[in-house]
Amino acid sequence: MKLAVLVNEGPYQHQASDSAYQFVTAALRTGHEVMRVFFYHDGVNNGTRLTTPPQDDRHIQKRWSALAQEHNVDLVLCVAACQRRGLVDEGEAKRNSKDATNIAPGFRISGLGQLIEAGVEADRLVTFGD
Amino acid sequence: MKLAVLVNEGPYQHQASDSAYQFVTAALRTGHEVMRVFFYHDGVNNGTRLTTPPQDDRHIQKRWSALAQEHNVDLVLCVAACQRRGLVDEGEAKRNSKDATNIAPGFRISGLGQLIEAGVEADRLVTFGD
Amino acid sequence: MEEEEYQGGEVKKFLYVNRRLPHGTIYALESLETVLIGAAFDQDVSMLFVDDGVYQLKKEQAPESIECKNFSKTYRALEMYDVEKLFVERESLEERGLAIDDLLVDVELIASSDVKALVDEHDVILSF
Amino acid sequence: MEEEEYQGGEVKKFLYVNRRLPHGTIYALESLETVLIGAAFDQDVSMLFVDDGVYQLKKEQAPESIECKNFSKTYRALEMYDVEKLFVERESLEERGLAIDDLLVDVELIASSDVKALVDEHDVILSF
Amino acid sequence: MSTLNIINKSPFEKRTLDQCLKRIGAGDSVLLIEDASISAVSGTAFTEQLTAAAAQSKLYVLQPDLQARGFNDASLLDSIESVDYEGFVNLVVTHERVHSWL
Amino acid sequence: MSTLNIINKSPFEKRTLDQCLKRIGAGDSVLLIEDASISAVSGTAFTEQLTAAAAQSKLYVLQPDLQARGFNDASLLDSIESVDYEGFVNLVVTHERVHSWL
């Protein structure tokens, strides 16, 4: 079956991103397709490459980036939410005159339309939040 | 009286940072000293200079930075919380081999000891969170 | 936003469930942004206000008092985007001492016991 | 952390109020980090576990199941940091079907009606 | 005065109001801010509980938060006093300690 | 099956469990994850409510979340079935839609 996932909270503060990750890997293990993980609200904070969690802890961003690379999962950060929270890629840096970027590999910034599209095209949409 | 404030949530997602800001400005207006605002948990996300909120909305980071400059309020981001969430200054970038910084003017990154110190030295500590 | 186009052709029934107060968190505002995009994509969009979500439609909101954006007028504009199906749960209003006259827009009142049937009619449920 | 020193000399009584479950949010873990720093600063530190906070002390936590850090053993190490005053509200345990034997560490049980007196003895209340 | 207790969540959403009220006593005050401000409005399912609590503790509501959500002082329970941010600061200063029930 | 309802908050902290249960019906299921997992443990103040709910809807708990918090399957109410993440995926697939009560 074709699944899509929505993540509404940032890494570490809430379990939402952990639960979503475990759900996605279980779905892939059992032969389902995960066509997109859409990050909204504080969820966009999962997509920064600037975190340095304690060495004995999980690295949430790297885990997502690896999933994108190994299983071709589309990781999309909502552009409006990124602008409010300070998530920036090359294009956004240019558009909004920012002097740095912080987006992590495997993530892309796009519009809310990508969430609606996921809702339409996936057989099921599962939301993780606070 | 000497006051200190603790902010536990990031900008926009929760009202905590707004409430803290309004409280601090009211305290300054009424002749009190605000010796420190300590940002913990997702609160550290208030200190990124990379946000671009909608033009008709308040700019939470700039508002805090202006307060630091105009009233000499000490804005401290907890270093451990910063590492988990991806808030980086020059020193942290060097220490953790990051290729960018995102800290905003007027904020500094330091240890949790600064929160304890605020608790000891201020006459009252007021917490804003989720 | 030029990228916001969807050529898929398929139409699904989206139900946006709003259960939180406005202003204390951003969910009400960002949910509304999603509703507008969903409508722009020509999807079939309904909104359900239950629990503290009914406060989102309260008249006379003045968040200028806390220097926040007054997005409550956007609910009035939903009609222009063909979002016409706004459902409000009667029991949620009553517990809060609110009546239909306290609301900004015309809504359809439903009973708590009708919520399941409404949910069952929809393909995708989004609750922030 | 070399910067974590406080030379002020003044000692205040800090009460850490823990009201949330571990693992669902980071508050329990980051609260514990604050407690340890507070103790290292030679402040007078007490901890109060009420409501869902009592679950923080539950034996046999195994967050490896969700790939999270098992910080529950840190509660056992608190004694070494001279954090010896752990208070647990009896009613909070009872509502949750828990008994003192379910807890990782020795604690002092207090009644709900004693919480105010405990709070009144402290200078700074931190609740995450 | 003893402790200023701050509550910021709606009692319809979270149980914080109950959890706070049963653990405070003489000399303590409660300030309702952010989403908790709506509990100060009369005629809700929590009116009775708050009226009873007001017999024991002094109750305040942060007026700008109430106004943001579409209510004014006329909607308030008689036993609850409305303050602005400067009044909030004054409450902090006049109590011995502050307890935010998060 | 109709709707898979997901709850992630403790019923001692938030009222989500009540709010969900009163609005679902025949054919609907409830999955308790994250902090909500502890409501599946027997002998709590919510045991009676969940036992009653199980007569109407199928109730599940996410076992890894329960284990993280120090409980195992032996602590569960008889009427609640324990699933792992693959079981979670299977529930999503076998219901017509998913409703996360946030």
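We just call them A, B, C, D, E and F in the order they show up, numbering each chain from 1.
Here, contacts are C-beta pairs under 8 Å (C-beta built on N, C-alpha and C of every residue); 3 or more make two chains touch, one makes a residue touch a chain.
Treat the numbers as computed from the prediction; the structure is a model and nothing was measured.
K.L.:
Taking contact as defined at the start, I'd like the list of chains shared as neighbours by chain D and chain E.
P.N.:
Output, common partners of chain D and chain E: B, F.
K.L.:
Please report the minimal path length, in steps, between chain A and chain D on the chain touch graph.
P.N.:
1
K.L.:
Using mean C-alpha positions as chain centres, tell me how far chain B is from chain D in Å, no decimals.
P.N.:
25
K.L.:
Could you give the separation in Å between the centres of chain D and chain F, each centre being the mean of its C-alpha atoms?
P.N.:
For chain D versus chain F, the centre distance works out to 28 Å.
K.L.:
Please list all residues of chain B that touch 2 or more other chains.
P.N.:
In chain B, the residues touching two or more other chains are 8, 12-13, 15, 19, 22, 41, 54, 80, 84, 125, 127, 129-130.
K.L.:
Spell out, as numbers or ranges, the residues of chain D touching 2 or more other chains.
P.N.:
Touching at least two other chains: 23-27, 51, 66, 68, 123-124, 127-128.
K.L.:
Two or more other chains touching the same residue: where does that happen in chain F?
P.N.:
Where chain F meets two or more other chains at a single residue, that happens at 8, 12-13, 34-35, 64, 97-98, 100, 102.
K.L.:
Per the touch rule above, enumerate the chain pairs that touch, sorted by label.
P.N.:
A-B, A-C, A-D, A-F, B-C, B-D, B-E, C-E, C-F, D-E, D-F, E-F
K.L.:
Would you mind writing out the residues of chain C in touch with chain E in their complex?
P.N.:
20-25, 51-52, 55, 58-63, 65-66, 68, 72, 95-97, 102
K.L.:
Using the touch definition from the top, list the residues of chain E that touch chain C in their complex.
P.N.:
Spelled out, the residues of chain E in touch with chain C are 8-10, 12-13, 34-35, 38, 41-45, 47, 63-65, 67-72.
K.L.:
What does chain D use to touch chain A in their complex?
P.N.:
Residues 23-26, 66-69.
K.L.:
So in the complex, the part of chain F that touches chain A is made up of which residues?
P.N.:
6, 8, 33-35, 64, 84-86, 88-90, 92-93, 97-98, 100, 102
K.L.:
Show which residues of chain D lie in contact with chain E when the two form their complex.
P.N.:
17, 19, 27, 50-51, 112, 115-116, 119-120, 122-125, 127-128
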